[in-house]
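There's a structure below that I have some questions on.
The letters A, B, C and D name the chains in turn, as written, and every chain counts its residues from 1.
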Amino acid sequence: MIEVSIKTTRIELKKIFLRFFYNQAMIIFLIVLFTTLSIASGSFLTIDNWLNIIRQTTVLGIMACGMTVVIIGKGVDLSAAAILALCAVVNVMLQPYGYPVAITAAILTGIVCGLVNGFLIGKIKANFIIVTLGTQILFTATALIISGGRNLSSRPERIFSYVGAENLLGLPLMFYILALSFIVFGIILHKSASGRRLFATGLNDKAALVAGINSSNVIMGSYIVNGFIIAVSSIILASRLPRIRVGTASEYLFDVITVVVLGGTALSGGVGGIYKTAIGLLIFAIIRNGMSLLAIPYEYQQAIKGAILILAVLYDEFNRRKRLLY
Amino acid sequence: MNKLWQKTINFIIAQKLLFIIILMIMVLSIADRSFLTIRSILSIFDHVIINGVMAVGMTILLISGSFDLSVGGVMAFTGVVTFLLQPYGLFISTLCGLLAGTFVGVLNGLLVVKGRINAFIVTLGTMIIFRGLGLGLSDSTPIKGRIPSFQLLGRGSILGIPNSVVILIIIYVLGWYVLKYTKFGRDDYAIGGNVLSARLAGININLNTFFYFVFCSFTAALAGLLYCSRVNTASAIFGPGIELYIIAAAVLGGTSLFGGKGGVIGTIQGVLILGMLERVMVIFNVNVNYQTLSRGLVILAVVVTDALVSRRERILLVRREV
Amino acid sequence: MLMPNNKHLLKMINISKEFPGVKALEDVSFWLREREVFAIVGENGAGKSTLIKILSGTYGNNFIGEIKINGKKINITGPKDAIELGIITIYQETSLIQDITVAENIFLGRQPSRFGRILWQKMIDDARAILEKLSIDLFPDEIVSNLSAAQQQSVEIAKAFSINSKIIVMDEPTSAITEENVENLFRIIKEVVKKGTPVIYISHRIKEIFEIADRVMVLKDGKIVKNMKVSETNENEIVKYMVGREIGDIFGEESYEPKLNIVLEARNLTRRGKFRDISFDLREGEILGFSGLVGAGRSEVIRCIYGLDHLSSGELYIEGQKVTIKNSSDAISKGITFVSEDRRSESIIQGFSVMANLTILMLRKILGKLGLINTSKEKKLAGRYVEEFSIKTPSLEQLVINLSGGNQQKVVLAKSLSTSPKILLLDEPTKGIDVGAKKEIHTLIKRLANQGIAIIMVSSELPEIIGMCHRAVVMREGRLVKIFNKEEMSEESLLHVAVGVV
Amino acid sequence: MKKSLLWLLVVVVAISMIATFSLAGCKKEAAPAEEEVVEEAPAEEVTEEEAAPAEKITIGYSMPFIEDSPYCFPFFKYLEKTAKEMGWEIIITDAKGDIHTQSSQIEDLVAKGLDGLMIMPTDAAGIVSVIQKVYKDTGGELPIICSNVMPDPAELEELTAFAGPNSYLEGREMGKFYANYLEEKGIEKINMTESTGTAGYSAAIDRQNGFWDQVEEMGVTDKFNLLDRQPCDWSPDKAQTQTENWLTTFGEELQMIYSHNDGMGIGICRALQDAGLEPGQVLTNGCDGQIEAVTLVKEGWMMFTVWQSPEVDAAIAMETMEKILAGEEVPYFNYMETPIVHAGNVDDYIDEAERIWTMIK
């Protein structure tokens, strides 16, 4: 009798452990990564280094918020980087007319881009991969045309580079923007009615429809929000970099998807969250930073990034199967 | 009534590419007297050979309802491996190159079939991985070809016909034959068309899908060899963004991204159209700023049209149940 | 009854199949001779499709009883086994591959080939031969997507026939086909049988039985009622066997009479290809039943009312005013809610907790300050519903998917009532849930009616209709045939109208 | 339905071709699609009469990339400008960084019939076989010039001439400047990193080799202690990120960053600024003489940059071609002046830089 109870409790403990393991493994991974790096590289735990990490991942992080929303809605936005480029270009081009103008214009651009994607995917119901692949080209081309193909120098005035460089309480201003957008998106996704609707649509659009949720609007909304937040990040990009290349922006696409997927937001839709993306971002940032601290050649860094993405998804799939057991 | 309507529409749809090609040829030869010479016609084939070869594999993969973003990476990777190994002789290096490229396909296939990961993520990942590996192996410096005879592959000619033409013809006839006359090819349509009944008909979905990925990478590897032999250099940064172009060519050729329909004959037409578009740019001395846009517009139109057409067909499918 | 000197090709002996809470089949035994069409009839939920699914291997081997072919016991573990044994099932929805030719569909997966080269000419000729043999008038090199539903149906048969099929099973083959094509289909079936392949024919349409079947088996509640020669019976008799279940008092206490004021009024609702000229009215506190066979267009009607599909024509009046409902959110705002028959994919959101499912329709109510979801509010509200509808769940955070069918359905009902609707549309509310839960849900529905909610209940179970409803609409092939009052309702009368037997 | 879609497709293809028509000559903004469709007929005539006057000299220039490249874009503009001044028709193609595309475009250009061909190789080694093919096809009739980027090997008998900067020399110059600086400051040892251009570009390789050959010749190699070398692909932002990391990895140790061009130099300076360092605390440099760089030199963030004006670069290419077509003898290598801009002489250059890099509209 007693034995039995012991056995059962043991099983219980095992279950609890495994449940934790399968759901929180990313955090565990993060901790492991953190410790190993701080041992491996002396400069990892320095403040300067963390300032770097912040500087180098803010734009990515803010974009990741938008991408999370889109992916939860059972989509992916392959035109994200193109939108980033377009907004940045618009922004820089219009700076002569004053920052308010430039910023509003950039944000409007972002929203319009999101609207285009959203309309084609939500309303016309065209496949999201195709649409965003297409609009990616369109937006890039537009960016090149209005920039006339040349690199644009972001003006060095302080006002603007405040966001980029100025510090507040020892942290770059943009860190606060990053934090803010994570909080805001967290609230929108997990605390607001529309967030709930988005999850419902991502999980089961038919049921969502029966529940009186206008899924096509929700989807459209997700892409518009994405467009908007990309525009915001473009402002930071423009203020951080001395010079805007359309090519620069295009390098963000892969990273942003990696970050979101790494966090555990599933491409199958309806699963995930901002906190997960935050963890994903942290892992990604630390890995990237670690690789350069350990002076791993740039080209191998790329390969490693790719491997990480695949492993993350593979792991997530394996996880999904296991989670059903515990 | 419906039948007739369908037939006429099908006819028009079937002819659209030819129609466009003819239109382009007309415009080009009006604008440029020198266009209608054998050499300049042949040179078009010269230009599309890389995309053309890859498009065959991509078409077969697309028909099965899957797709592959890593072809560009595979192409570059193959080249790097081949040229790195050239000191060990033409045969060995070429063979290893091909194997290396095809291996990526094996990886893709396994991850998609066994790992059950979305093909998009898998191939996006492998694309990055193998471009990176290529850069690493080559110290991100282009590698010069050591064996002159290797250049003949892409630059030489047989009885006055450039190899590129010969190779294109061979691989397209092969592709056409496989798709039409082998079980491997026919199962492709079955899987893309209706997985369930394909499975019931005793088709091994996983195995087939796996091999479609392998074949796709194989053609990419072949293209890699051609590329390097044409420029007698190998670099991991070759063919930036080429994958989208290939997919666009296939889709333009009537292969649906949703699987189940299409064929290589359409694909070659698609490839030629995109190839001739480049020629248009040159002959009309297009302002550079609008070249990207024109390319973009074409590709955008292609993919959106495909999306809309297949949506239309899905609706028809539903109607049929009533 | 015994059939001497005639060997039984297929024998199914004491087949039983149980779903959680429901006995779908109870030792059903029958046998099939060569060269015969064997019809299986029965109400929805009588167990016909379960039987077929067992035979076609969909359920694998988790059932009781044994299957014999030519006296040999066989073991069907999956669809492939069944096919290899020559048991070919043709389902309602086409399984053909749309973008390839008829010939290839017929020979899919076993195209004639030499040295790996597919012999198209041979394939086409063979296909033509088969088509001619069954006198199907089609070109073997036609692309399937260019064919009509009926033509595709006949291709399916040709395909089934061409595989060295011992038995062909047809599940509602006529449901997707228009009247005029049915004749042709029957001709083909007869051909098939003449060529020595027996056919098991599942149908609602009793008329059809008499056109093609040799023998007919009547199922009810998973048991065999009768098994007879068609020549020795008539439509009325079959109907009599199909019905006649003791209704008992499983439907809870008698509800009060509905009030007089009309809540919903429908005038000539029409959706092309689905139903036409449906007119009825619905009173406050009334339960209006929608009876008829599957595919008669009952669900389609209420789906249109809820705005999930669009009406081609017709008007709706809610409490006198004309309304147009573009989508489900419109409907909800107009005080209509809808419970789908497809619980898994349309009613519950599987990835959501019980709580989230309960509150999804009334997010407005649980918003706190700043228009954010107030968790404590949500808990309170959800908790109230769990109590009110006595939903058995370990916790509010439990994923709804882990609940039993009955409790899931309760969640669904609670959810739909959270908007305090005037009109409640129920599509098969007790489908696939066990008897106990059924009773609870029935009493629940009545209570709602008493509270003055006007309810439309689509149900395929005649007893349910009779036991629950004040009035019942009977539909057949997209038309409203008759509206029964409480006193005229009897299973027989309803079924007669439903199957069009007079 | 399908029909309309088909038309959509056809029309768009037509548009993108007609767009090419109407944009061929006149540099006006792209009109909306519909109008262009209407324009079809007239547009064709335009090109016809353009093709007509055959006496006009037609030059083909194949560029590796144009858009989105800080140096190539102005270069492209000046190319057009010079051509207009000389009354030549010039056809410029953009290979989008792909050598195979470039070889195709070159063949297209040749097929169109040219008086002279100019190439800025996408890949120094890869271009060789292309040049050889063109040479073979045209039987050596067509003069071919490599501009700005040398082929590898630099000396080809198929190639008529090279015109442009001498990247190797630039590298040496920069090496010399640093060496002298250490000399006069009496610094015995300096910890440095090198941010290199896109791997495989001859400019990157030459500027690297030039630098190190020079310091070796001067026998001061040991003064330069190379901590790390990373490719930053000419890109400011990559250089910026890289520098930020270097600053944290090496901290105070890092005293100098050798950069292969202005773009990266600018990024480096931005990183130094953000890190709150003083101008000159970490020595760095540029190469090209872009306006931002020259300004940075003036502010003292950058020690020096090499003056390589795209205007001159384009001009020298065209002049060389002009000479060749006129039948004059030209040397194989035609180098342009590449003086160094430093704190001492920056004021003489700043206005010029302003003009060169901002006139592009």
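The definition used in the following text is that contacts are C-beta pairs under 8 Å (C-beta built on N, C-alpha and C of every residue); 3 or more make two chains touch, one makes a residue touch a chain.
Computed from a prediction, not measured in an experiment: that's the story for all the values here.
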Contact-graph separation of subunit A and subunit B, given in steps at minimum: 1
Maximum centroid distance from subunit B, chain identifier (CA atoms): C
Chain-chain pair with the highest tally of contacting C-beta pairs: B-D
Whole-Å separation of chain centres (CA-atom averages), subunit A against subunit C: 45
Inter-chain centre distance, subunit B versus subunit D - centres from mean C-alpha coordinates, in Å: 32
Centre-to-centre distance between subunit D and subunit C (centres being mean Cα positions), rounded to whole Å: 71
Shared-contact residues (touching 2 or more other chains) in subunit A: 144-145, 148-149, 297-298
Contacts with 2+ other chains: residues of subunit B: 135, 140, 288-290, 292-293, 295, 297, 308
In subunit C, residues with contacts to at least two other chains: none
Overall pattern in which the protein chains touch one another (line/ring/star/complete/other): other
Pairwise chain contacts, counting only pairs that touch as defined: A-B, A-C, A-D, B-C, B-D
Residues of subunit B defined as touching subunit D within the complex: 9, 12-13, 16, 19-20, 23-24, 27, 30-35, 37, 39-40, 43, 46-47, 50, 135, 139-142, 144, 151, 155, 227, 230-233, 235, 237-242, 273, 277-295, 297-298, 301-302, 305, 308-309, 312
Subunit D to subunit B touching residues, read off their complex: 1-3, 5-6, 8-10, 12-17, 19-21, 23-24, 27, 30, 44, 47-48, 51, 66-67, 76, 89, 91-94, 96-101, 103-105, 107-109, 111-113, 123-130, 133, 137, 152, 198-200, 205, 231
Subunit B-facing residues of subunit C, complex: 79-80, 83, 93-100, 104, 108-111, 113, 116-118, 120, 145-146, 148-149, 152, 176, 273-274
Complex contacts: residues of subunit A adjacent to subunit B: 76, 120, 124-127, 129-131, 133-135, 137-138, 140-142, 144-145, 148-149, 254, 257, 261, 267, 297-307, 309-310, 313-314, 317
Subunit A-touching residues of subunit D, taken from the complex the two chains share: 30, 66-70, 73-74, 228, 230-231, 235-237, 240-242, 244-245, 247-249, 251, 263, 266-267, 269-270, 273-275, 292, 360-361
